[in-house]
Amino acid sequence: MEPIIKTENLTIRFGGHTAVSKVNFEMPAKQLKSIIGPNGAGKTTFFNLLSGELKATEGDVYFKGENITSMSSVARARLGLGRSFQITNVFPNLTVLENVRLAVQSKEKIRYQMYRHFTHYKKLLEESQRLIGVVLLQGKEHAIASQLSHGEKRKLEIAMLLALDTEVLLLDEPTAGMSLEEVPAILDVIKAIKQTGDKTILLIEHKMDMILDLSDSIMVLFNGKLLADGSPEEIMNNETVQNAYLGGLYDENLAES
Amino acid sequence: MELLINLTVNGLATGMLIFLLASGLTLIFGLMSVLNFAHGGLFAWGAYSAVWFYSLTGSFILGILGAIVTGAVLGFITEKLIITPVYGNHVQQILITLGFMLVLAELLKVVWGPNQIRAIVPPKLEGSWEFGDVLIIKYRLFIIIVGFVIFGIFQYMLQKTKIGLVVRAGVMNKEMVQALGINIKRVFLYVFMTGAALAALGGALFAPYSGVIYAEMGFEFAILAFIVVVIGGMGSFSGSLLAAILVGLAGSYMAYYVPALSLAVNMMLMAIVLIFRPQGLFRAKG
Amino acid sequence: ACSKSDGGEASTKTDDDEKATNQSNQNEEEEEEEELGTIKIGVLASLTGALESYGKQTKQGFELGLEYATGGTMIVAGKKIEVVYEDTETKPEVAVQKATKLLEEDEVDFLVGSSSSGDTLAVLPLAEEYEKIMIVEPAVADSITGSEFNPYIFRTGRNSSQDAVAGAAAIAGPGVKIATFAPDYSFGWDGIAAFKKAAEALGAEVIIEEFADPAATDFTSNLQKVIEAKPDYMFVVWAGANSPWNQIADLKMQEKGIKISTGAPDIPALSIMEPLVGMEGFSVYYHTLPNNPINDWLVKEHKARYNGEVPDLFTPGGMSAAIAIVEALKKSDGDANGKTLIKVMEGMSFETPKGKMTFRAEDHQALQTLYSIKLEKQEGIPYPVPVLLRELSPEETEPPIQNK
Amino acid sequence: MKTLLKVEGIHTFIGQYHILQGVSFEAREGEVSVLLGRNGAGKTTTLKTIMGLTPASKGTIFFEDKDIKKQPTYTIANTGIGYVPEDQGIFADLTVEENMKVAMRKEDDATLARQEYVLDLFPDLKTFWKKDGGHLSGGQKQMLAMARAFVHESKLLLIDEPSKGLAPIVIEKVMEAITEMKKSTTIVLVEQNFIMASRIGDRYTLIDDGATVHAGEMKDLIGNEELKRKYLGIG
Amino acid sequence: MKRKFQLNHYLLVVIVIALAIFPFVSDSRTWTILLTQIFIFSILAMSYDILLGYTGIVSFGHAMFFGMGAYTTAVMLKRIEPTMGTFIVSIGVGMLLAGLISFFIGLLTLRLKSHFYAMLTLAVSGLFLVLAEKWRTLTQGNDGFTFKAPEFFKDRVMFYLVVLACLVLVYVFLRRFVNSPFGRVLVAVRENEQRTSSLGFNPLHYKVIASVVAGVIASLAGSLYAVSLRFVNTSVLTMDITLDALLMTIIGGVGTLIGPIVGAGVIELAQYYLSGLAKEYPIFERWIIFFGIVYILAVVFFPRGVVGTIREQFWKRKMKKDGAKTVPKKEVS
């Protein structure tokens, strides 16, 4: 099967620093792949290159065989590449509901409609309400986004991504700072999406238990380079990964879960 | 050749003068990110108080010092009363400082009357030297020197101390700076007062240059100062200096060679700079 | 505040007392009104903002003028005169607003004003619409009695062209080489165009015309060009606070043999012309220039009333406007009908502090005396004083007719 | 052991919202106290209230027997309390170096030496010394925020979710560092990573809906399946 | 929520009707003119609020569109003939011109960040001012020129009614506009441009369209303004006009449409009354001081603008009354 996303020699340099270096990677459709790597390895930057937030210095990105390297982030989002952000990135002075509703509106392709009153779009509201429920934010619909606690903002971030309902989901540390008891709920959401079987998910995480639980495959970035891409077992047994990324904590981590 | 020298020296002097007017705003707008539309008012108050102190004491130096003190005191009042409630909110800043500008300009008339007032150049700086066809106006040379001195002082202060850093950090995240043990309110107050004092100094030096002061003078030059700060790159003294000199020289050359466009020269300069270097000429560092 | 004055009227005997007497005065006036009928005059002037001092001069002059012309009675042809002053703030929309208020609410019979040409032009159509006479004073734009003229407009103020003609008369002569220097907008262009014509008619040659950004901090580049052209004179048309005089001195233009000539401004602005002592030019008015009893009266009364201050540039203008109105009413026998007054006023001559003025029938511009002067330093006066060289008679400074 | 910080019955309003409704806990000298609770429980607000960023309207906050409740933030910081906020509070337009500089109260040899120590802890920061704070990766920002707080020897450190976004190996280093620092510094920690919390915490305070619901020694909590299930959803 | 809107609606309709019959009950022309003036500036301020309040763009060059409308109408009425037909066509032409120019300027410059954009608009409008100053054959520079208004407007009441109608139309149109899905995206652009684009909305498109709408409506205000004065000069292109629009918007409350209208009223009336006081009480001779103090007090007492602050209070009170939970409880499934 044709990979849904493919990169060739994807490279970006910031000044003298190469944050992503000649990455050749293929993402099989309808799978979940996790990306791990030390801090500053270039994971987020790689996402930014896929979603178009950043422009590659070299190399190409293909989506379903089409070269999308020169497309804007807007165009890519419309094409079906949706993403969540590592550093919470919402509309601070709008309510939770409004934040989600905007994403739903985009999914429904209501972009330049200028005369209809927005509340006419009942459907949008209902869908937004539903998604807020999915990420356990019910009761907070009318809270202003900037007044949410950190974990709540993370959930909102996920709701907005889900609302876009894109073919590809790029999740950047979705559960960072989320409370222990709620991580499983979000995991369930991701699992549920995965089970429907029509979505492709790329996940950046540092929580190994979660990664092992979810991933079909794992790729490892190191200093901007693609170090390995393989099944969870392969990766966990990779020595470099163990020494430079996991350290000792991971054993206990696994033991706990 | 002589012509070119004349145009350049005069352009440079005008540029320096504009730099002096803009230097206070470099601190207040560039660094502290306060859209201070009352800046022109501070500047006019500086001019008036300099002329007044000068005529009272007969000493130009005391006049200048008087202006600086007036500026600092006004800066204190402005910061406490007007700016403190609106830090970080540009929209409110526009409204409140425009209101204060009206008050400042009108109060000038209450104190010194509505008529324009003559400002004289101190005898020692009066007149000019001639070298062949090259004519150097003493007062302009004085302005150029003062401009460089001010530039040097502030460049040094911002490079060698962390005040500049603290202010910029404070603008980005006031709470965090405080949590690092810095009394940011006081820092802002002092920096604002310094900016106001610089504005007053600019006014004080401008007065003898143009020979006349009037209550509305603030409105006219405040915009020029904003232009300089923006095209120089927010908060950068080197940027402001370069931009001011550019404005001065462009004005001088254009008025001679392309007089038809001299009315538009500042605006064109700003448009060109911003289109090609949207962030301004310099990026503030330190 | 209301309740306070209610209670205060009886008990305190200060301000309120005065108010009370004022009120009774007003009552008397109203009674008189019924017997006499009134003539109402609305005066528009810039009482705040950059042109504030001009506005105040007009206002004071106008008050004095009415007093003089009616012999202190404020009654003309059996009618009581009332005046309402309004501040245009030098904004056209405010001027229109205030003018309409005057015409509609106060139902004035005359409009007088205003300090800025923009404000005045905006108000001109209202005069025609309401068929009321408007005396323009002291706005200078030629177009007021030129392209924008309507028959209800009369101007006691001089116009740009008159200034220019006077300026030319002061310096131009066969073979004289003149450079001009003016601000780069209508006022400057009009002034220079008119000057050029007048000067060339007198045989002079205008060799270079420089226009500068009026808001600029530096005029030396423009002046440099003038110096290079080596003229005999540089004629300057200038208005506004930001002025080039210092720089003219700095560049030693006079030492280089270029004589400067310009119109003498009002007293506050004269004080900043210190560097130009010795220059020859023209003046619209300075209190020592005219020699006639009206001016003597004006100077005396003005001093008495405004703690020793002498009347300034536009004070006689205000006075002239008042005199013109009173004279017209005398002739029309108190009839304030616009159409009637037009007939009366066209060609009317009247005595003013500047001597005899005549409303030219064609464009209603008052022809008037201007003065050729020289700036001199005088003992005990903190500004250069315009000293009379010679009077430029109304005929001599007659401007072209431009409303055709 | 001596109590360094004693928070008693604090109530905090943000705008018209009554966020904290009776949080009490204490931090003893040389110990690590962990605040636990769900998202939105009020952990961050508790730390902010101690720092004077969201002043308490009721209750008392004693630090070294001084009431600091009404003190301005910078005074509180200067009495020796360091703070690592949950959103890192990096000055985005300042370089890493400048971020550190702002945090340094003086630049004497001792401080510089300590800076070296901190940078050894997070060598990444040294690599990106001249880079803008805003351009760092998420984890690097977290490191910078900690480095800034560690550069002075504080009596008390308030750290809000240090492990968030860090690679496992770095978490380990941070834990080591905290254990090391414990000798001289008392620490209050908000942490969602229970493994980390349980390994380095000495005592815990459970916060729910803006109030303290439980407190005790960490070793008791580790064994208390019921509490863990009820408030932490684990076990 | 619905109920509140409806209440507002009725209130607005009542106010509009009251304003419409006002000139027939009162024969104060001063008030007619003052209100006309307020309506015109309300339109201008509303158009500015589309930029500032809804899209988060600060422009220092809004006067250029106002001036474009004013000049187009003035020139056409003077050069062609002062009829209603010309008037209406001139409005259209002005709007078209303003639309085109704001489109191009927007396309070129809206990529810039906040102050830089603001300063660039200042520059461009400054250039337009110079152009108007220099193109004397058309504009007569800063002296300006007068022209005749269409016969129909001889009676200022008619003009008053037309302006009122324009105000209502613009209000209704803009209300629809900002409450449409499109308008919600504008707000999103204001809040977080980058996030908007990652949702698949192109911020530049939104900003350009917003500035075209704002420009077109400012031009309408300009056309009406010129006719209200029957005169135009370069003052319509100056920074003062932009600042007026800006101040009115801020005083009334950014991000609301009623706000700019209230702001226009507050400023015009304050000016009217204060300058009136100057004639009666000597201490008000320097009334501008008090006018400045009005701005300062406005910020102190109405930090979010008159309408913004009142709304906020209203919500707060409502929340209290409804006994909203202080800390919303979370149910965990």
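Just so it is clear, A, B, C, D and E label the chains in written order, and each chain counts residues from 1 on its own.
The working rule: a contact is a pair of C-beta atoms (placed from the backbone, for glycine too) under 8 Å apart; a residue touches a chain by one contact, two chains touch by 3 or more.
What you are looking at is a predicted structure, and each value in this text was computed from that prediction instead of being measured.
S.K.: Treat touching chains as neighbours: how many steps, at the fewest, connect subunit A to subunit E?
M.R.: 1
S.K.: If you check the contacts of subunit D and subunit E, which chains show up for both?
M.R.: The common neighbours are A, B.
S.K.: Considering B-D alongside A-D, which chain pair is linked by more C-beta pairs in contact?
M.R.: Of A-D and B-D, more C-beta pairs in contact link A-D.
S.K.: Based on CA centres, what chain would you say lies at the far end from subunit B?
M.R.: Comparing chain centres, A lies farthest from subunit B.
S.K.: In terms of CA centroid distance, which chain is the most far removed from subunit D?
M.R.: Chain centre farthest from subunit D's centre: C.
S.K.: Could you grab the centroid distance between subunit B and subunit D? Build each centroid from C-alpha atoms only and quote it in angstrom.
M.R.: Centre separation, subunit B to subunit D: 44 Å.
S.K.: Just curious, how far off is subunit C from subunit B if you go by their C-alpha centres, in Å?
M.R.: 36
S.K.: Would you mind pulling out the distance in Å between where the CA atoms of subunit A average out and where those of subunit C do?
M.R.: Centres of subunit A and subunit C (C-alpha means) sit 75 Å apart.
S.K.: Hey, what residues on subunit E touch two or more of the other chains?
M.R.: 133, 286, 288, 329-330, 332
S.K.: Could you tell me which residues belong to subunit C and also touch two or more other chains?
M.R.: 184
S.K.: Name the residues of subunit B that each touch 2 or more other chains.
M.R.: 109, 263
S.K.: Would you pull the subunit E residues touching subunit C in the complex into a rising list?
M.R.: Per the touch definition, subunit E meets subunit C at residues 28-30, 33-34, 37, 133, 136, 140-146, 148, 154, 156, 225, 228-231, 233, 235, 240, 271-272, 275, 278-279, 286-288.
S.K.: What residues of subunit C sit close enough to touch subunit E in their complex?
M.R.: It is residues 47-48, 85-87, 89, 91-94, 96-97, 100-101, 103-105, 117-118, 121-122, 124-125, 129, 141, 143, 147-148, 184-187, 189-190 of subunit C that touch subunit E.
S.K.: Touching subunit E in the complex: which residues of subunit B?
M.R.: 82, 85-86, 90-92, 94-96, 98-103, 105-107, 109-110, 223, 226-227, 230-231, 234, 260, 263-264, 266-268, 270-271, 274-275, 278-280
S.K.: Show which residues of subunit A lie in contact with subunit D when the two form their complex.
M.R.: Residues in contact with subunit D: 14, 17, 37-41, 43-45, 86-87, 147-152, 155, 173, 176-182, 184, 206, 208, 244-250, 252-253, 256.
S.K.: Which positions of subunit C touch subunit B when the two form their complex?
M.R.: Counting only subunit C, the residues touching subunit B are 49-50, 52-53, 56, 184, 210-213, 215-222, 224-225, 228, 241-243, 245-246, 250-252, 268-269, 271-272, 274-275.
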